[in-house]
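Each remark here refers to the structure printed beneath this line.
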């Protein structure tokens, strides 16, 4: 099975650095989302595309492990990798690394489900458009 | 003309304090909004109420003057005062003060306009519901 | 062993609601922190107190499960419960509930470690002040 | 006098779009800061450089005028221009434009002062390093 992944440079904002002089832990969820959006653009799985198909895909769980801090001025990379599930879910894994040294700074994962946007109904079966998406990228 | 105003205690979050150990300037706009929402609840001029009337009221300008910093652990108050305008606008003034000493920490103002939510049209004439709201509170 | 816990009312800001009309998932980490800070105030375990003891306690992992969404105007409660660990760690569990119905909206947990603030050294042994804190509250 | 300016592409995050489907007004201050940081990198006037010179430069006022909204998926540019002042201040002007059409979406300005980082004293006279900076870039 092919590995679908994408990398983005993280834009560490001054306002994201806390009084301990490191990026506040909650902001990593924005970096994960930056990566998820870049993944969506690369593989045709963005919010707007899924919305056009009639679905929204809320996050139902998210996890982050912090290995080493990020400081203002650091250059870092967020990497996202699709992890296939048989269920009607989108599972992603994340890595934050130092852009220069390659050192691992954080890891994480998230799970999204499919909601019918008209009826707000949870989809227990994989939506047709997502099955096609998997097929297109050689996943099954 | 009566003075319409409201005060709220500011909830300074750890994540809002930057690497200079003071609240990052941009967060004050959240405190202004906390005050605006409290004003809306007190005087019946909240987002949801205006939305129910068919209008959204986007901010078209905002200004903040910073007099003295806020630190983590500080107790502060955001005060909002309605400033009447003859135009189809909502104008507000803000003050942030130290809850214990009363010292003035910041001032500001904002202007909102009325958009017809169905047609996204700017309202040049004061909407009827807002004229009634003014009358109810003895303005003019 | 006594259960140490605290509850806080969540202040859902307009700016925290996303384009799907629900609170953006990442903001829950702020609500968890609101709860953690309230816990710190109640039990004498705040950032500033630990800092005064010579320690900082960065988050090393955090997790959130989303059960039902939060909307603008909702009233919700964040509850935090201390979960004792034999290791030199602070472990917390979180629950977000609907303030009116009591319905469970989200759960989560976090782990913090102790760093010597002067030397940035990870503390493998429970700091003396934290052992005393446990004793004071009847843990163990 | 030469015009010192810089442009950056704005990274509009999903989490920055509010329930009215437009970027929440307060986030523009982050975009202004993105521009200010890019300016700092281009012209050698970054936070870290000024800090190394012994100064911090807090924002003492900021203003934003909103002309047209930003939506998720929009491509926009933040442009910053240095506006010289005889006083011991850093004054900046900002413009947000649509990257494709060039349409003006917002304007703004900010003022920063110099604080001696050791003594937290406001500098009434232009610091030597800033006078040199001006000379280097041909400003008077």
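Quick notes on this structure:
Just so it is clear, A, B, C and D label the chains in written order, and each chain counts residues from 1 on its own.
Throughout what follows, contacts are C-beta pairs under 8 Å (C-beta built on N, C-alpha and C of every residue); 3 or more make two chains touch, one makes a residue touch a chain.
A quick note: this is a predicted structure, and the numbers were derived from the prediction, not measured.
With steps allowed only between chains in touch, the distance from subunit B over to subunit D comes to 1.
Between the chain pairs C-D and A-C, more C-beta pairs are in contact across A-C. At the far end from subunit A, in terms of centres built from Cα atoms, lies B.
Subunit B and subunit C have centres, each the mean of its CA atoms, that are 30 Å apart. Distance between subunit C and subunit D, defined via averaged C-alpha coordinates, is recorded as 35 Å. Between the CA-based centres of subunit A and subunit C the separation comes to 24 Å, rounded to the whole angstrom. Multi-chain contact residues of subunit B (touching two or more other chains) are listed as 14-15, 26, 30, 33, 72.
The touching residues of subunit D, when paired with subunit A in their complex, are 11, 13-15, 30, 33-34, 37, 47-48, 72-73. By the touch criterion stated above, subunit C contacts subunit A in their complex at residues 20, 22, 25-26, 29-30, 33, 56, 58-66, 69.
Those residues of subunit D that touch subunit C in the complex are listed here as 14-15, 17-19, 21, 24, 26, 72.
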